[in-house]
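Presented sequentially are two complexes of subunit A, the first with subunit B as partner and the second with subunit C.
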Partner chain A sequence: MPASKSPVIETRGLRKVFRDFWRRPTVEAVKGLDLTINDGEVFGLLGPNGSGKSTTIKMLLGLLRPTAGTIRVLGSAPDDTHAKACIGYLPEVSHLHTFLTPRETLMYYASLFGLSRAQAVQRTRELLAMVDLEHAADRAVGGFSKGMARRVGLAQALVNAPRLLILDEPTSGLDPIGSREVKDLVCALAKGGVTVLMTSHLLADVEDVCDRVAILDRGVLCAEGKIADLLRQPDAVRFEVEGLDEPDAAAVRAELEARTGRRVRQEYPAMSLERYFLQVVARDGQQRTFAMAPFLGATLSAPETDPTPTSNSLPMT
Partner chain B sequence: MPSKLLHRFFAASARRIGGVTVLAVRAALRTRTVAALLVLLAACVLVLPGVVKGDGTPEGELHILLTYTLSFAFGILCLATLWAACALFAAEIDSARIQLSAVKPVRAVEFWVGKWLALLVMNAVALLVVYAGVYAQVHWRMCRDGWEVIERPVSRHVARPLLPTPREEAREIFADLQARDQLPSGYSERTILRVLEQKAHEKYSEIPPGGRQAWRFQLRRPLHIGEVIAARMRFETEYNTRTQVSGICRLSCVETGRAVEVPLDDFTLKEIEFVVDARAFGQIPTEGVRAFELSFMHTSDPKRAAGLLLRFRKDVALLTPGGSFWMNMLRAAAVHWSVLALLAAFGLALSVCFSLPVAAFVATMLLVLTMVGNSVVQVVSEEDAQKWRNRAGVLVSRVVHSATRRALQAKPLAALTNGERIDTDMLRTSLGWNALLFPLLLAAASCAVLRRRELADTE
Partner chain C sequence: MFPHDGQSRARGLALKQTAAIARATLVEAIQQPVAFLILLSAVMTTLLVPVFQFHRFGEDGRLARDSGLACMLVFGLVLAAGTAGRTVSGEITCGTAAAALGKPVRRVTFLLAKALGVLAVTMLFWLGVLCATLLAERGSAHFISHIEYTGYVMDVITLVLGVAGVAVALLVAAARHYYGRRRFGVSAFVGVVLSQVLVVLATGFYNRLGQLYPLLGEAACLDSGAGHAHAAGWVFYHPELNLRVIPVALLVLFALAIFAALATALATRLPTGPTLAICAGVLLLGLAGDSLLIGAPFWSVRGLVAGLLPDLQNFWLCDAVARGGRIAWRYVGAAALYALTCCVLFLGAGCLAFRERDLG
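Up next is the complex of A and B:
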């Protein structure tokens, strides 16, 4: 849980109307959005296609201008360069310069942050190691697979060691291992005090890493809150017992039904497909997570608990 | 402390600008367009002088090398610069690649300057290569054909006769016409003065057979002992009268009182030039001499010969040593570079406002309009300008002319071909307006647009 609760992102009555060439309104993408994201939070912005997620993010980054409403990012207007110096952004499509190599790409973005050459070289080396692209550091990005390009995109988003990281569909195009690594990275960054705003179509990804979520639909904020609060089923209780054989399980079930007078459902929880996949193609997934630690700072350490919670483990009440 | 902060601010800003510049240069070097451009320039420098037939004289060869080759290469670079500049922002915005850069702490002006500098660097390299290629060709031909000293390319200071400026002359004529109540009706004072000034600038004066004309000169740089001075006159004569012309040129040094007379009998060329050693003017002081008088007496037979026509302001000149030819070529390259800097700034300004096809189209149209407009202003008469069907065209041409007059007033190739030193004033004016003031204005306008423009779309 974050120690401080000061808002990093704050929008009030945010509206965005797109217009055609003749300035006639074509679509209202965001309708009066009030959103507050606090320091150190991992916040998920969810919604179907065309719900206004990317438009909201682009307004937060100053790439689009709001039709109405106010935006404060890190206490400043979105186009303030001081605020921009503390933001990392990974767009839905990486939009990299295809003629550059990953090393040149990272050096370029480091220069935009005003880093000295020595700093830029050092940071580039660390980031290339972090995203496991040292072997392809001097090949043109144009020849990369989508997943590799995504890794370069992710590295550029971290080139300034940001206070606020905005990730638009961060796991899009990544294989399950890459996807897991990104989620681990987000968790590690959040532990280091970085505020993360992410959007994703993959709800499981959001559920894995986010503290709070907001659901947008047709530009309207439909729900917002902690995942635990939103997903809680107050009238149900679930127990998980390891190593219970069939007769004992039947006895426990009969006892519970007798005591409560309600029907008790018995399940054998399965691991998630993602976890199963990671076990099958284990390789060095964990090692890579640890490799991120030096870059993220000395305060970071390896996750204490299993970072792959199963999707059927609901909180007990 | 504040100076330390300021230093850190500028260092960071310089790194951002440098980053944008390096990216743009890399983008250029890693595309086939630049390779194609280099092939075109190489063909221009190496092939064109061999294809275009000269008159066989060293002067003719020099003319082809300096005028055709350099103009062609400069034309290619102009178009390439303009279109490349149009693409720099527009293509990045269209492909959404600018989004990743725009969310970084880069100011609009840093973006703009970075891209502009990239074009300047590329143009500087291209111009140096082209000029070096042409210089090498000149040198090679000079050695191969054994050009005489007088035929070799030179760089000389030019002194024009001391005459009232065209504006002063126009005012004088205007006052005279006004006093005699002979001002043309239906035209404003401004229009009349403009026409009179244009006419004064291009005015031909006649030296009839038996007539004499003298001009005073004040050299900017004094003539020293051991140096030579050349007098040059260009006549506008009918072809069939040239063979019957004869005259006497007299060049005298006002400070020493000594003169040199050169008889010119049956000269057949439009242009005459003769060189006089400074020692011919007697004892020249160590600080040199500056004041000269040149006179021409037309001694042809009045019954057979026609009068000689000269534009005093343009056709009569004294020429003194003005550095080496290759330094003059460098100055010409600098003037061309300044024009390319302006085109780059102009293209970038359009690139910020429009998509690539629109920006390229508008840029090309405005380029054509500038060329046409400047020609129209030179040839259109005031009577034609008054006709209703010409009014809009003439107005546009005049606006274009006045907007581009300063940018295009330097004529480096004409100076190079004529062996005239591109003086510091011309260089300063060209660099000041084309590579500094105009780009500054365009940068301010571009940055204002860039700050207001949305760099993402609905996607």
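Up next is the complex of A and C:
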């Protein structure tokens, strides 16, 4: 479908120079970034610390002013409130009002999107159930652990049933179960048509969920493309056979070496540590994840109010 | 669809956002222990001034009143500037401002909502200290002439009720926190203000000698010698309060509103410390505005400073109510317009400064 390939985020020649109190340049965080993220994609922005990932995201949201270049988000300028009504944003650190409870926090953010009280109450209840914080819904978030605060942050990013979800280090501070749940959530949202832009230091997380990635280093775009294309080793082939005993394996290896004249490496693949951990420890977590899935589908398919993603009208009044 | 539908929806959304942000600002501000300590200090200082007066020149009430209004101005200035600094500059630093502005909230809406929140905190504080000032003036020694007693008498009951009100408010806040898990700071702040309002209302039921009006009627009315009118006929309710203080206190509130706007504007670019320092400087120079202008040419540094800064002498008219004097409501209206103009100018400058501010 041509419509599904329209760019949701587009930057051209994007630059950001930070300045000190006297307007002297201190650091150039982003250097001429050209980026295109299409509708329905899960896009990963990777890079080491100080590479300009968070700066780029803040420019996309209009929180930082670019020094040069252009940005279009959902076809509008980044500080356009109509476009922002369709965006969900999870900051790198869950910046929350410490005196508010999770329920009050979500009600507060729902009111910023113009949801009516009844809609906000229902949406808050659903999101608290989704992030598994119903038991702590009326405790001040100031006393929460980092992982719990992250869950509140994630819930507030979804309060408007966004069309574009921007997640800055979404799994930071979460345990493996929480991390798995976030990745499942991203996949579920992507299936529902939500475009996701995420950054992470945990490359395995990105590999699990992203369609395409871009790698930034010191503000410069170093690589961009589909994960499969970037990681493919064109001069190597791997076979996996289940239930092959040692003599047969040795015979196959010998046959291959004889035919190709190259050295063949034989391995016994192991499951990932994350998968093993979830099997051993996370039975409750897995159940919670599965219980969450149908609920997520319902949330995505029937949001409280129509966010009118194709037009940039105010959605939630 | 009508073409103006989108505009009216946008306006409705902006109003809703303003209300939400202002409410969150108010709750956050009065939740802070420092805000409660400022209120408590102002109220207690005001209530205790009549008790610790060692020299009397027949103007105990005036001294209590002036002290209360001075507390209102100085503590109110610290509260308004501190709250603005924390809520704007602090939120920019800690990232909650960015979290809100990542939503469909305009920067102008955000800043104006913050200013409204700061103003709401200041008004709550003002109400509490105004009531304490009324109580302190009534409680201070007055000359009365009565069938049972003639001479100077302090209304100890009123002062004790005022202080007890504070204590009860603290106990109630602690109980609400313990049993209902309600926020102590919010309960205590609102409770102290409410207690002072209730005590002010209760003073109408008894005279300075502690005699109840419903029992003794007109016979309980005292001549305080301070210009209070006698109630005629059967008396059920006769608060012997100097209500002429209210216009003077309103003028102080207008001055505090100017400082709230100024501090909000400054906090878009400066941390809380410099914001407080600049506000204190504006207070001093603003009070000296008249002196600066005397003999100064129009185009001079002194003239420029006096012209640019709000003339705070317009809002400090304690002496006007001495010896039975009154402030005309027309003057209060004109002062309100002047204060509004200053607020609009300061907040306009603040919006310009905030528009290009990086929120990282």
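Worth a mention:
Criterion: the second predicted complex is superposed on the first by the 285 of 317 C-alpha atoms of A that agree within 3 Å, B and C clash if a C-alpha of one lies under 4 Å from a C-alpha of the other, contacts with A are read in each partner's own complex, and residues count from 1 in each chain.
Just so we're on the same page, contacts are C-beta pairs under 8 Å (C-beta built on N, C-alpha and C of every residue); 3 or more make two chains touch, one makes a residue touch a chain.
Bear in mind the structure is a predicted one, so any value in this text is a computation, not a measurement.
With subunit A as the common reference for superposition, the partners subunit B and subunit C occupy clashing space. Once chain A of one complex is fitted onto chain A of the other, the partner contacts of A:A137 are absent, as it touches neither subunit B nor subunit C.
By the touch criterion defined above, A:A85 reaches both subunit B and subunit C.
Contacts of A:V17 after superposition on the shared chain: neither subunit B nor subunit C is touched. Of the two partner chains placed by superposition, subunit B and subunit C are both touched by A:S111. Of the two partner chains, both subunit B and subunit C are touched by A:T55. Once chain A of one complex is fitted onto chain A of the other, the partner contacts of A:A161 are absent, as it touches neither subunit B nor subunit C.
When both complexes are overlaid on chain A, the residue A:V220 reaches neither subunit B nor subunit C. Of the two partner chains, neither subunit B nor subunit C is touched by A:V252. In summary, superposing the two complexes on chain A brings one listed stretch of subunit B into steric overlap with subunit C, and the stretch in question is 81-89; the others among 81-89, 225-233, 243-251 or 315-323 show no clashing C-alpha atoms. Judged by the document's definition of touching, subunit A residues 18, 54-55, 58, 61-65, 79, 81-82, 84-85, 87, 89, 91, 93, 95-97, 99-100, 108-109, 111-114, 156, 160 lie at the interface with subunit B and also at the interface with subunit C. Looking at the complex, you find that subunit A touches subunit B at residues 18, 27, 29, 54-55, 58, 61-65, 79, 81-82, 84-85, 87, 89, 91, 93-97, 99-100, 104, 107-116, 156, 160. Subunit B meets subunit A in the complex at residues 11-13, 15-16, 18-20, 22-23, 26-27, 30-31, 95-97, 99-107, 451, 454-456, 458-459. Residues of subunit C touching subunit A in their complex: 6, 9-10, 12-13, 16-17, 19-21, 24, 27-28, 31, 94-96, 98-107, 181, 183, 356, 358-360.
Within the complex formed with subunit C, the residues of subunit A that make contact are 18, 54-55, 58, 61-65, 79, 81-82, 84-85, 87, 89, 91, 93, 95-97, 99-100, 108-109, 111-114, 138, 140, 156, 160, 313-314, 316-317.
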